[in-house]
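Two complexes, one shared chain (chain A), two partners (chain B, chain C).
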Partner chain A sequence: MDKEGFIDFEQLEKELDDQALLVSVIHGNNEIGAIQDIKRIGKLCKKHNVVFHTDATQSFCKIPLDVNDIHIDMLTMNGHKLHGPKGIGALYIKSGIKIDPLYGGGAHEFRLRPGTHNVPGIVGFAKAVEIQQKDIQKNAKQVKELRDYMVKRLCDEIEECYLNGPQDLSLDKRLPNNINLRFSYIEGESLLFRLSDFGIMASTGSACSSASLKPSHVLLALGLPHEKAHGSLRLTLSKYTTKEEVDYAVEKIKKVVEELREISPLTKR
Partner chain B sequence: MALDYTDKVIELFRNPKNVGEIENPSVEVKEGSPACGDIIQVQMKIDKDNKIQDIKFKSFGCASNIATASMATEMVKGKHIDEAEKITWKDITKELGGLPSVKIHCSVLAIDAIQQAVDKYKIQKGLRKITKDKINKDFIIDKLRHVIDPSVGTDIIRLKEVLYVRVDKKGDKADVLIELTHPEEREFESNIKQEIEEKLEFIPGIGKIQVEFKDHAPNPKSPKGI
Partner chain C sequence: MDKEGFIDFEQLEKELDDQALLVSVIHGNNEIGAIQDIKRIGKLCKKHNVVFHTDATQSFCKIPLDVNDIHIDMLTMNGHKLHGPKGIGALYIKSGIKIDPLYGGGAHEFRLRPGTHNVPGIVGFAKAVEIQQKDIQKNAKQVKELRDYMVKRLCDEIEECYLNGPQDLSLDKRLPNNINLRFSYIEGESLLFRLSDFGIMASTGSACSSASLKPSHVLLALGLPHEKAHGSLRLTLSKYTTKEEVDYAVEKIKKVVEELREISPLTKR
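Let's turn to the complex of A and B:
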């Protein structure tokens, strides 16, 4: 993959030898928002006769996506990423593709997944899809505009603040709701902690927020050194986010970054 | 927050004590490495009776790092350096009401920094005499326990990355040669080398410090680290 998080097609084509069975590529990356060119991947897979699966949980109902237009054999989607219920998801399987169940025990869901159907989840998920699909273009545009505004303000107003992932913010390159920044000289967990005091919920690629000492594998794969990956902050917007909320968050982030830089031994004096 | 911090830790993280810098400190140390997500700088002003008149820290680190440093610096302030040196990680975590187990490595750093600062001060002032004859392989290995490989966040001795240590006492000073395996991520070689030099160069009895990264140990009988 390249520095912005897009997959390397030369490498992919090399991997598609006669041993290859399946290609699975995330459509919109959950950390950095990079949207892969799945149409091109689909074509390549078709050419080499390899099954293509895409995880579209982040992009589903956020940007237009049509399995009739793109060669996709399987596609994963879920409810809670589109304001639907948690604990429900779906796998699209093109007719003709046969898969084994992960575990046995019952003949439910075409013998693919044992257990009683989660009916409220299914109904809620379907309703959420219905609502989201209706205004997909309008919502994408609205969220993108707000996101672009927030990125611009943060990068303009905070020194040494950088955007991780795709620099091109268009709808076919980066998820419209995703922001992933890094701030030099500070550590992500401290940042999250202080932001949560102001009611701002975010996440970080810093190792300190997890049980391991390694920072986010996604950020490392972009070629970021460890110390830079530790200072990352991911913010996610939705169609319910307002400009007032964005302005409030920008002010608080500025304040917290400044305070943490004040106590950091790495800050240049 | 996801992690289970005590109220005391959260309070000290929000309002840490002794943050900042001292003008003309008696001693200054940095422990940790930015690459593993934690680094701490400790400065002390030590008076003529060897009491810690003032202590300040700066931290690039998570909440527990900041909270521990705040607590540790508060506990040693005003104390004699001999007493300060004896402070343990247990003393501090007890005061903090405990820490999540994944956070232990972040909290050890503050205590380490205090102990290293006192040690450095004592050596520099001649209170702890490190003459040429005291410098041997074990002495060097002990110092290398404070050098961290940023790719894993663990010290290079525990990782068995140090293959060979030679102390050469031909002149009036002991020259040191240290050979290591290439770390998992080679970009960190210069970090590791720099840290090794920082831990050794202030010691009066030490002369030339040579750090080399090798594929194999020089002695085929001990191909693995010391």
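Let's turn to the complex of A and C:
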């Protein structure tokens, strides 16, 4: 991975030796929004006869994606990242690819996942996909514009505020809804608590590890030192986010960063 | 297991040797409604220092059950068997019992089950439990009375109609909502299709194996020969079932059994 979070293709080619069986790559990274060139990865996997799985949880229905155009053997999606219900996901498996179930039980879902079907989840997920697919281009453009505006304001108006991940904000390089910033001299965790008081929901690192105090492994992989990884803040927008909300959030973030820096033992004075 | 579906305690004691680690028993059987004496099983497990898990999916909120009164280490429940949502379940784990997750990922649910929580499922399940627990005794009695009436009518009015599983219909021997019958000379599958035309939803064997043509392993374990296991029909009632619905179903079952027997190559003539 390079410093912006993109796959190192030289490294990947090296690892695709005779023993390689599977490549699994996140399409759009959940923390820093880096969009991998899965078309190129798919081609490489095909050439080396390696199964290719991509986790498209963050990108599905946010940017266009066609399994007929790209060599993908398996693709993971879920409901709640596209305004569908929580607790439901799906795995696309290309015809001809065989996988083992994770555990035994009934013969449900082609013997791959035992248990009574989550009917409300499935129906809600399908409906959400239908709605989101309709205006995918329009929504991506709208969210990207608002995101770009927010990044610009924050980086212009707060000293030592840096964008983690891809610096190129175009739709094929960075998820349109993703912002990941770091502010020198403060901790992301304190930032979160103060922002939460203002009704602003943000996160440091990944929500999946929110119970842990470890810094984000993604930010560490970019080469950031621990203290910088700890000072990071992830913000995500959606098609429902308004410019007024963004302006409100920017003002509050400015205020909170300033307050925290005043009490920080790390601040240069 | 004996011919009515109850655990053979002599056999169980024999198997609880030094190498036994875990006993897992269905509390109320999903096909024939047999309620195991889990208090006695729990005592035995405790004596032999063996972990005891019970699948209470069918019995939870249908008959009283208290993990403080019975030695149970783990207990499985789910939502849709008690008028809650599909796609949600729960595992009670007694304090002190440690289990490994089935697969890796995020740190959710005490590191036991990765993935974003199914919030609507959890809330709906909890509400359903709250509602069902309130009138558990009253509902059990009401459903049992209607079930007993239905069994009596079917067995009285249809020749060679037999009840599979426990013959004792009391609340501590058979789930109050369960009926499992066999009719000589006909196949359960044909019965299902015809009843479905009349809006009567029934099943042969377990719904979990509905995609398979194998006869129910539970009925085979009772000692029933294949052709008899194949001729079985499972009906389940709920607190919402009315006497009118039961009478309607009885009439239709009588009619369909008669029709199928007329064309059956097996019928004694």
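In this text, the second predicted complex is superposed on the first by the 260 of 269 C-alpha atoms of A that agree within 3 Å, B and C clash if a C-alpha of one lies under 4 Å from a C-alpha of the other, contacts with A are read in each partner's own complex, and residues count from 1 in each chain.
To be clear about the criterion, contacts are C-beta pairs under 8 Å (C-beta built on N, C-alpha and C of every residue); 3 or more make two chains touch, one makes a residue touch a chain.
Since the structure is predicted, the reported quantities are computational estimates derived from the model, not experimental observations.
In the superposition on chain A, A:149 contacts neither chain B nor chain C.
Looking at the shared chain after the overlay, A:263 reaches chain B, while chain C stays out of its contact range. Touch criterion not met for A:6: it reaches neither chain B nor chain C.
By the touch criterion defined above, A:121 reaches chain C but does not reach chain B. Contacts of A:92 after superposition: neither chain B nor chain C is touched. In the superposed pair of complexes, A:107 makes contact with chain C only, with no contact to chain B.
With both structures placed on the common chain, the touch criterion links A:78 to chain C but leaves chain B unconnected.
By the touch criterion stated above, A:248 is placed in contact with neither chain B nor chain C. When the two complexes are superposed on chain A, the residues of chain A that touch both chain B and chain C are 206-209, 211. Within the complex, the chain B residues that touch chain A are 1-3, 13-14, 16, 19-20, 30, 34-41, 58-63, 66, 102, 105-106, 150-153, 187. Within the complex formed with chain A, the residues of chain C that make contact are 78, 80, 85-89, 102-103, 105-108, 114-121, 206-209, 211-212.
Here chain A touches chain B in the complex through residues 185-187, 189-190, 192-194, 196-197, 206-211, 213, 215, 225-227, 230, 262-266, going by the rule given at the top.
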